[in-house]
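Structure provided below as C-alpha cells; questions to follow.
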Amino acid sequence: MTRETILEILESIQRGETSPADALTHLAKLPYEDAGFAKIDHHRSLRLGLPEVIYSAGKTPTQVAEIFSRMVGAGGDVIATRAGEEAFEAVREVLPEARYHHVARIIGFRQTGHRPGIGPVAVVCAGTSDLPVAEEAAVTAEYLGLEVERIVDVGVAGLHRLLAQGDTLGRARAVVVCAGMEGALPSVVGGLVAAPVIAVPTSVGYGASFGGIAALLGMLNSCSPNVSVVNIDNGFGAAYVAAMIVRSGQRG
Amino acid sequence: MTRETILEILESIQRGETSPADALTHLAKLPYEDAGFAKIDHHRSLRLGLPEVIYSAGKTPTQVAEIFSRMVGAGGDVIATRAGEEAFEAVREVLPEARYHHVARIIGFRQTGHRPGIGPVAVVCAGTSDLPVAEEAAVTAEYLGLEVERIVDVGVAGLHRLLAQGDTLGRARAVVVCAGMEGALPSVVGGLVAAPVIAVPTSVGYGASFGGIAALLGMLNSCSPNVSVVNIDNGFGAAYVAAMIVRSGQRG
Amino acid sequence: MTRETILEILESIQRGETSPADALTHLAKLPYEDAGFAKIDHHRSLRLGLPEVIYSAGKTPTQVAEIFSRMVGAGGDVIATRAGEEAFEAVREVLPEARYHHVARIIGFRQTGHRPGIGPVAVVCAGTSDLPVAEEAAVTAEYLGLEVERIVDVGVAGLHRLLAQGDTLGRARAVVVCAGMEGALPSVVGGLVAAPVIAVPTSVGYGASFGGIAALLGMLNSCSPNVSVVNIDNGFGAAYVAAMIVRSGQRG
Amino acid sequence: MTRETILEILESIQRGETSPADALTHLAKLPYEDAGFAKIDHHRSLRLGLPEVIYSAGKTPTQVAEIFSRMVGAGGDVIATRAGEEAFEAVREVLPEARYHHVARIIGFRQTGHRPGIGPVAVVCAGTSDLPVAEEAAVTAEYLGLEVERIVDVGVAGLHRLLAQGDTLGRARAVVVCAGMEGALPSVVGGLVAAPVIAVPTSVGYGASFGGIAALLGMLNSCSPNVSVVNIDNGFGAAYVAAMIVRSGQRG
Amino acid sequence: MTRETILEILESIQRGETSPADALTHLAKLPYEDAGFAKIDHHRSLRLGLPEVIYSAGKTPTQVAEIFSRMVGAGGDVIATRAGEEAFEAVREVLPEARYHHVARIIGFRQTGHRPGIGPVAVVCAGTSDLPVAEEAAVTAEYLGLEVERIVDVGVAGLHRLLAQGDTLGRARAVVVCAGMEGALPSVVGGLVAAPVIAVPTSVGYGASFGGIAALLGMLNSCSPNVSVVNIDNGFGAAYVAAMIVRSGQRG
Amino acid sequence: MTRETILEILESIQRGETSPADALTHLAKLPYEDAGFAKIDHHRSLRLGLPEVIYSAGKTPTQVAEIFSRMVGAGGDVIATRAGEEAFEAVREVLPEARYHHVARIIGFRQTGHRPGIGPVAVVCAGTSDLPVAEEAAVTAEYLGLEVERIVDVGVAGLHRLLAQGDTLGRARAVVVCAGMEGALPSVVGGLVAAPVIAVPTSVGYGASFGGIAALLGMLNSCSPNVSVVNIDNGFGAAYVAAMIVRSGQRG
Amino acid sequence: MTRETILEILESIQRGETSPADALTHLAKLPYEDAGFAKIDHHRSLRLGLPEVIYSAGKTPTQVAEIFSRMVGAGGDVIATRAGEEAFEAVREVLPEARYHHVARIIGFRQTGHRPGIGPVAVVCAGTSDLPVAEEAAVTAEYLGLEVERIVDVGVAGLHRLLAQGDTLGRARAVVVCAGMEGALPSVVGGLVAAPVIAVPTSVGYGASFGGIAALLGMLNSCSPNVSVVNIDNGFGAAYVAAMIVRSGQRG
Amino acid sequence: MTRETILEILESIQRGETSPADALTHLAKLPYEDAGFAKIDHHRSLRLGLPEVIYSAGKTPTQVAEIFSRMVGAGGDVIATRAGEEAFEAVREVLPEARYHHVARIIGFRQTGHRPGIGPVAVVCAGTSDLPVAEEAAVTAEYLGLEVERIVDVGVAGLHRLLAQGDTLGRARAVVVCAGMEGALPSVVGGLVAAPVIAVPTSVGYGASFGGIAALLGMLNSCSPNVSVVNIDNGFGAAYVAAMIVRSGQRG
C-alpha cells in the first residue's frame, strides 16, 4: 500500500463519500508499512547515499550475481562482502565494470559519481594476518564515502612502530583497530587518541585464542574508555559504525 | 623529569657547556615521559575539558574520599562511579558540595562552570531493572558535557512504546542502548536511526542470561550494522564513547 | 495521542478545514502508538483476561507493594513472582486480602471472579528440590485460568512412580516438566504423552550441573520431539506458554 | 511376550490349572512390554496419524533408502529429514513417487490420502540464510497435517516488514520463529501475538554467534513470556511441537 | 495399588466371578507400580542391605530430622549427607544415638547390626583441602558395608609419598581418588593398580580451577584406562559406585 | 639396568669387594626402573592376560601395522582401536589372520587361545548412531576376556523396549551405557540394576549437544548413584573399566 | 623406612646372615620412599634454602597457627599466603615475632639470617586494584631470597609511565607482570625486555572479564614470545617461578 | 626520522640558529621512534644473536619463501615455524641450503656460524602424539643457541620411565614439558626438579579434551609451584621462554 492509497481515503472523506469514523476504521487496519514505514526505513540506503550491501557467505556465486545486478538496477552503488573469486567471476559476467578487492574479498560497483571522502578515519591492524579484516573495513569505509588512512603492522610488542604514527592517528575522526591473539592494540591506541575507537577482534591465532574469543574479551575489558567493540572479523560493521560517527558529526 | 630538565640540557648546548652529541646521548636515555608524555597524555582530561573519573569498586570509602579531594584540588570536575552511599558520606565530609546520584551510583563535583551540553545523545533502556546502568551512562554523559535525552521502559516485546519515541531518537547524534536478558533492543533501535548506537549489555536476568553474556552475545551479533558494544554494565564507557563521537563531530 | 485525535483530524477534512494532503502529512507524523497501538498491545492483559504480572527480583518490598496496589487499582487480577516474605508483608499492609503462596514465592490477588479452569495441564517435577520452580509454574497457571494437576517426586531413576501417573498425564493438554541435575525427565514424559511438553531446567544440583546448564542442555537435546524449553528456573514462563497453548485450542 | 501369553495364564487360572498365587508370580516377572507397552507407545505414529520420521544425518544413502522403503511398507506416510540429494536418489530408485523438498532437505512420501490441514500455524524467519531451517519446519508441519503460512525476510532491524504481517500472525494457532545471529525475532513476534511461539535458533552467523549459541541464549532469555525454545537448527522439532499444540486444541 | 489387589483379581477368576478376558483388561490398566514395581525398585535399599540416604543440601534442619526419623522408623540404617551441625542437632533431639561425622558432614544411624566390611576399598586424596570430599566417600563407604583404607596427602608433586602406599593400593578391590586443582592423581594411581579407579574431582582450587572443572576435565582425559569419573565433590556417589563394584564381585 | 645389576652389587658385598656403605650409595643412584619398576608396571599386560592396545588415531596405516606386528611378536593378543580400513589393509598385509571389526573400527589379533568369557557385562545403547561407540566397547570387552551381552535401540523416549530387557540387565556384573543427545539413558538404566553402570557420552547430536558435552554433563549429574562416567566416545575406556570391575570380583 | 634400614640389610649380607638373592627380594619390596625418596624430594625446601609455604585459604586461623609453628620448629623460614588478619592474630599469639604483610596477605617468619637478595626481579602491575596480587608476588619473592623492584600503576592506556621505567625493567633477570581486565601489559612489557616475563592474570574487572578469564586468555595469546603464564591471582607461583629462573642462572 | 635529524636540531642550537625553547618544541613533536626506538627494539634479534622467526600458518608457500629469503638477505639466521612441505619446497628453490625438520615442521637456515649451545634445557613429552609440539620446541631451542636433551614417551600412567630420567632432568637449567589429554606431566616433572618448568598443553586428545583446554587448565592449576604455561601447541614460545631463562642466567 502506498501514499496514494491513504490519500485516496482522505479525499473520499473530502468528497463526502466516506465518513470520518469509517475512514478511521480503514486507517487503523492499514499495515504499518503504509502509515509510517517510509518515514523510518524506506530507501534508507538511497537517502543516506550509502551503497546497498550483500553478505555473500552462504550464497552461491549465481545468487550473489543475481542480487548484485538487481540492486545495481535500482540505481545506487553496491558492494558484496565475504565474496570469493567465483562470486566475482559470476558478477563480472553480467557487470563487466564491477571491481574486485582481493584482500578485502569485496566486490564493488560505483555508479553514483565520486564525491570527496569525509573524515578521515584510520584503519589500524597489528599484523599481516589481520589484513583481510582490516581491508574489509577500509574498502567498505571507502564505499561508504569516507577518507581512509591505513596503518598496518603496528603490534603492541613493538610499540615504536605504533608511536611513529601519532600524527595520522591524531587526525582521525574515528579509528578502527583490528587485532587478533590477545587483542591489546585497541587499548594502546585508545590511550593515544581523543577519538572513538572501534575495535574488531579477528579470528587470527590458535589454541587458547579460541577463534577470536580471547581478542574479543580483551577488547571488551579495555582499560581505555573510548573503545567499543563489534563482532569477531566484522570489518564491515566497524566501517559502518565509523561512517555513522563521521556523518553524525557532519549533521551538526 | 620535567620540561625544565630538557630545557636545561638544551640551554647547556647553547651555553657551549654540552656538545650536541653528548646531549643526544642524554636525550636518548630520557624516559619517554619527559620527551613525549605531555603530547600524548598529560593533563588530557583538563585539555579536553573532561572530568577526572574514579572507579570506586574495590576501594574503601576513605580511599575514594581521599582520591576525590586530591583530584578536586587539581582544579577540574570529578566523578566517582560505582560508588555506594558510604563512599558518598566519606566524600561529603570533606567536600560538602559534592552531589550523589543515587540510581547511577555516581558522586559528582563540578567547579569548571556550566556550559550548555552538546549533542544531544539519547540513553535508552528496556526495563526498570536496567535503570542503574542507563543512569550511570546518562549522568556520566552529562558530566562529560553532553545534552542527554532519557528514554526508559521501551522493550522489544511492546514495540509501540519504542516507536512512539521516533523523533527523540531521530535527533540524537549517538544513542546509548542498555538492555539485559536477550539484549535485542539495540538491533531494533539500530534499525530506526541513522546514528551510531552504543550497546550496553546489562547483567539483568537469571538462569541462561549468565550475568549478561546472553545480552552481550546478542548485541555482538546484531543485524543492525550501526551497533558497537561495550562491556557488561559499562554505562560509563558507553557515555565516554558517545562523548568522543559528539566531540569528534565538533572538531570537523 | 488517542483515537479521538485521529477522528478530529478526519472530521476537519469533512468540515473542509483541512485538505486531504495536509491531513496525510499530519497522520504520517503520528507516533505509532496512536495509529496502531491499541490493536497490538494496549490492555492486552485485560482483553485476554490474564493477570498483570510483577517480576519482584531486584525490587524492594516497598516498590513491589506500590506497583502491586497500582495494578490492582486498574481492575484486573495481579500476581508478583519471585517475591520474598518481606515483599508480601509490604503488600499485605495495603491489600490485606492478598495471598502468599510460600513455596511458589508468589503474591496473588484476585478480583475478577473465579471461572472454572480450562485445560487441564499437568505440572511434573522430579524431586522435592524442584518444588519451588514447579509451584511457581502451577500457581501461575492457576492465576492464568488453567486447571492444574500436580505430579511430584517422579524421577527417572525410579520409573514406576512416573508410569503410575499415566492417566493423569494422558489427560493433560500441555505438560510442564521441571527437572534439575541431568534434566532427563522431559524426554521420558515426552515419550509417554501426545501433548506438548514444556521443559523447565532448574538450578538444582551441584558441581557439573553448573546452576542448571546441564539440565538445560539435556532438555534442548531431548530425543522426544514434542519437547520445547524455557529458561532455567522459569516456572512462570512455562505456565504462560501452557496457557497460550490451551487458549489457542479454545479459539479453534 | 504378547497379549496371548497373558490371556493364557489367566485362562489356566480359570481352568484351575494354576493357582492365583502362582499366576501372580508369573505376571510379576513379565516384561513391561507385555503388560503395558501397547497402551503407551505401540503404533503411536499410526494411531496419531503422524508420519514415520527418519533422521538421515550420519546414515548412508543406502541405509536411508532401506529404512524408508521398509517404513513405507508398513502403510503410513514417511519423511526423511536432513537428507542430501544422494539420499533422495537412492530412495527414488526404490520409490519413484517419493518427493524431494530441496531447501528443507526432506524426502517425503504420502500414501494415507490428503486431509485438509488444521491450524493454521505460521513459520517465520528473519533472513534468507535461515530459510533451510524454516523450510524444514514448514515442510515437516505440512506432513504432520498442519496448514502452514510462511513469512520470510522479516528482521528486527526493519520492523515495518514484520508489522505488515500482523493479520497472518494473528490468525496462527502457533508460531514457529527461526532466527540466527542475535535471535531477537521471537521476542518481537511474541509481543505481537497471543499464541504460543516456538523459537528455533539457527546456526547462521559468524564469530561470536558461536554456531547458534548467541541466538539460543537470546531466545531462552526472551522478554516475551509466550516463547519456548528448541535445539539449534531443529526445524523438525519446532514443527512437531506446533503439531502437538494444534492437536491438543483439537481434542478439547 | 498393592500385591493384594492383583491377587484379588486373580482369585476372582478362580472363583469364576471374572472372565480371563475381563481380568486382562483390568490388569492392562493397572499402573506399572502394581505389575512390576516391586521387582524393580521397592525396598531396594532393604533388600540390598544398603542404608537409606538423605541429601541434606537445600533442606532445613527440621526437614532433615523429620525425614531421618521417618526412615529410621522403617527399620534400616540411615545416613544424611551434606549435613551441617544444625541439621545434626535437630536429628539428635529425636534420635539421641545418631552420630555426626564432622569432616564428612554426614549424620549416620545404624540399627541393622554390624557385619564385617567387604572389600577393601582405598580412598585416596591429595591434600588436606580435599579431605571433606574424601571423608564423605570413606564414611559413606563404611555405611554401605565396605572395609575402607584411607590414604591422605599424596600429591603428584611429591610422588614418593604415594609410591610408599603401593601395598595398600594393591590390596584394594576399588580405589576412590579425590583431587582438586589439576586432578592428576587418578591417572598416576591408575597406573599403579589393576583395580577400577573412581575419580572424584573436588572444587578445591582457585582461578582457572573454575570450581573443579579443571580437575573434572583432567580426570575425563586420563591416560590410565581404568579410571571413571563422578560429579565434582561427589564423594557419596564414588562410594556408592565402589560398593556396587565390590558387591558385583561378591555375587559371582 | 636389570635385576642382574642389582644382584651383582649385592654379591660383591658378599664377596667383600664392596662395603655396605658404598653399595648403599650405588643403590640410591639406581634409576627407579631398576629398583621397583617390574613390581609396578613391567609386563603388566602380559601378567594380567590383557591384550596390548594401540590407539590408531593420528597414526599412519604404516605406523599402525609396524607397531601391531611388533607387539604380536611379543606373544600376547593385540588390538588397535580407532582404526580405519586403510590401517587394517596395512596390518593384514603383514598379519593375514588379523581381523577387522568394521562398526567398532577395531583390528584384533588373538594368539593366546580362547578362554570362556567372565562376567557377563551388558553394553547398552540408545540409537543406531551410538552403535560405533557401543561396538568399540563391546569388541574391546571381548578381547579383554569378558562375556558381553549387547542391548541396542533402547531410548528413554520409548521405555518399554528398555524395560523388556530387565533380565539381561539384571544378570550383568557391570553395565556399559552409551548415549548421545541428552544422555539420559544411564540414569534410567542405573535405576533398574544393582550393578555399577559405566556411562559413555557419545558425540551424536547437533546444535546444543556441543559434540557430546550435553550428554557428558547429563551423565555426571545422574540421579542414579551407581553411575560413573568416561570421556566422550570412549567406548574402549568403558570396556576397560568394566574388565577391571569383573576381574576385581574374580580376585576375591 | 630409613637409610639405616637399607644399610642394615646390606650389612647382614656382609655378615653372611643374608644371601644376596634374599636381600634383593627384600630391597625390591621396599617402598620407593626408602630407596629413592631423599634424592628426589626430602628436605627440598631446606636444601634449596627456600621457606616452607602454607596456603591458608580454607584453613581456620587455629589450623594456620598450628602448622606455622610446627614448621618454624623445623628450623627454616616460613610464610603463609592468602592469610587474613585473624590468621595473623592466631600466629602472633604463638610466635610474637611473626610479621604480617597486609596488602600481600602474607604472614612471614625469618630465622635463617638475612642474605643479600639475588636477581633483581621486577614486579609490575597496571593499577591499584592489582596491588594485592603484585604484593603477594613481591613479598614471596623476597622471602625466596630475591631482590625485588616494584613498578606500579603502569597501564597500557598510558604508555609513557611504563616507558619511563625502561632502565629498571632492563636490569631485571625476570619480570613478573600482574594485570587484570584485558591483560595486555605482559605483551607490552615483553616487547621492552630481553628477559623471561611471567604473567599473572588477576581477577580484577567486571562483566566480560569473567573473574580473570579475559586477562588469562590475553596473556596466553601474547604476541611477545618471552611470556609464560601462571594461574589467575597466583602471585605466589609467579614469584616461585622467578626464583627458579634466577637460581637456575646462579648454578651455571 | 633518524638520529641524524635530532643531532641536526641540537647542532643548530650550538650554532645559535635555534633557541633551546624552539628546539624543545620540535623535539616534543618527534615521534617516539626517533627518540627511543633503537634503544628498545631495533635489530633486537641481531643484537641478541637470535634468529628471525616467520610464523607460516596462513601464509602461502610463495609468501613464506619471499619473506624467508629477504630475512636471510639481512644476514642473520632464519627459521619458519608451522611450515608444511610445500612451503619448504618454495624456500628450497631460492635457498637450496635451507633445511627442513619434518616432525617439527620448521624450515631453518644458519649463516652465523655454529657456537656451542648453552644450557642444557630438557624437552619432555608424554606420548608420540605430542612429538610434533615437542620437536617444535626442541628444534627452535637449538636455533636459539641452546643445548637440548630430549626425553620422550614418559607418561604419568607409567612413572618408572620418567623416574629413570632423573639425572637428565636434574642437569637442565629449564625444562619444557609438552602434554595433551589431562596435562598432568608438568606437575610430576615439577616435583622432580629444582628448575623452572615451562608447560605446553597440546591439542592431542578427543572428546572432553576440547582441543587442549583440559591440558591447559590442568597445567594452570599445577600443584608444583615452579610451573608456568604457554599457549596450546606453542612449542616455539616455550623454547623462546627457555632461551630467555638460560640467557638471563648467562648475563649475571
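By written order: A, B, C, D, E, F, G and H. Residues from 1 in each chain.
Operating definition for what follows: a residue touches a chain if its C-beta (ideal position, glycine included) is under 8 Å from a C-beta of that chain, and two chains touch if they have at least 3 such contacts.
If you're wondering where the values come from, they're calculated on a predicted model, not measured in any experiment.
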Worksheet entry | Shortest contact path, chain D to chain G, counted in steps | 2
Worksheet, complete the sentence: Note: chain G sits from chain F at a C-alpha centroid distance in Å of 40
Item to complete: Please list all residues of chain E that touch 2 or more other chains.
Response: 32, 36, 39-41, 158-159, 163, 166, 191-192, 207-209, 213, 216, 220-221, 231-232
Fill in: Pairwise chain contacts under the document criterion
A-B, A-C, A-D, A-G, A-H, B-C, B-D, B-G, B-H, C-D, C-E, C-F, D-E, D-F, E-F, E-G, E-H, F-G, F-H, G-H
Worksheet entry | Residues of chain E touching chain C in the complex | 31-34, 36-37, 40-41, 57-59, 201, 203, 211-213, 216, 231-234
Worksheet item: How about chain G: which of its residues touch chain H in the complex?
Response: 36, 39-41, 44, 48, 53, 163, 166, 173-174, 191-192, 194-196, 198, 216, 220-221, 225-232, 236-238, 240-241, 244-252
Response to the item:
Seen from chain B, its contact residues with chain D in the complex are 126-127, 155-159, 163, 180-184, 187-188, 190-192, 205, 207-210, 213-215, 217-224
Response to the item:
So, in the complex, the side of chain H touching chain B is made of residues 3, 6-7, 10-11, 13-14, 16, 19-21, 23-24, 27-30, 32, 35-36, 38-39
Worksheet item: Quick one: in the complex, what on chain H touches chain F?
Response: 128-129, 158-161, 163-166, 204, 206-209
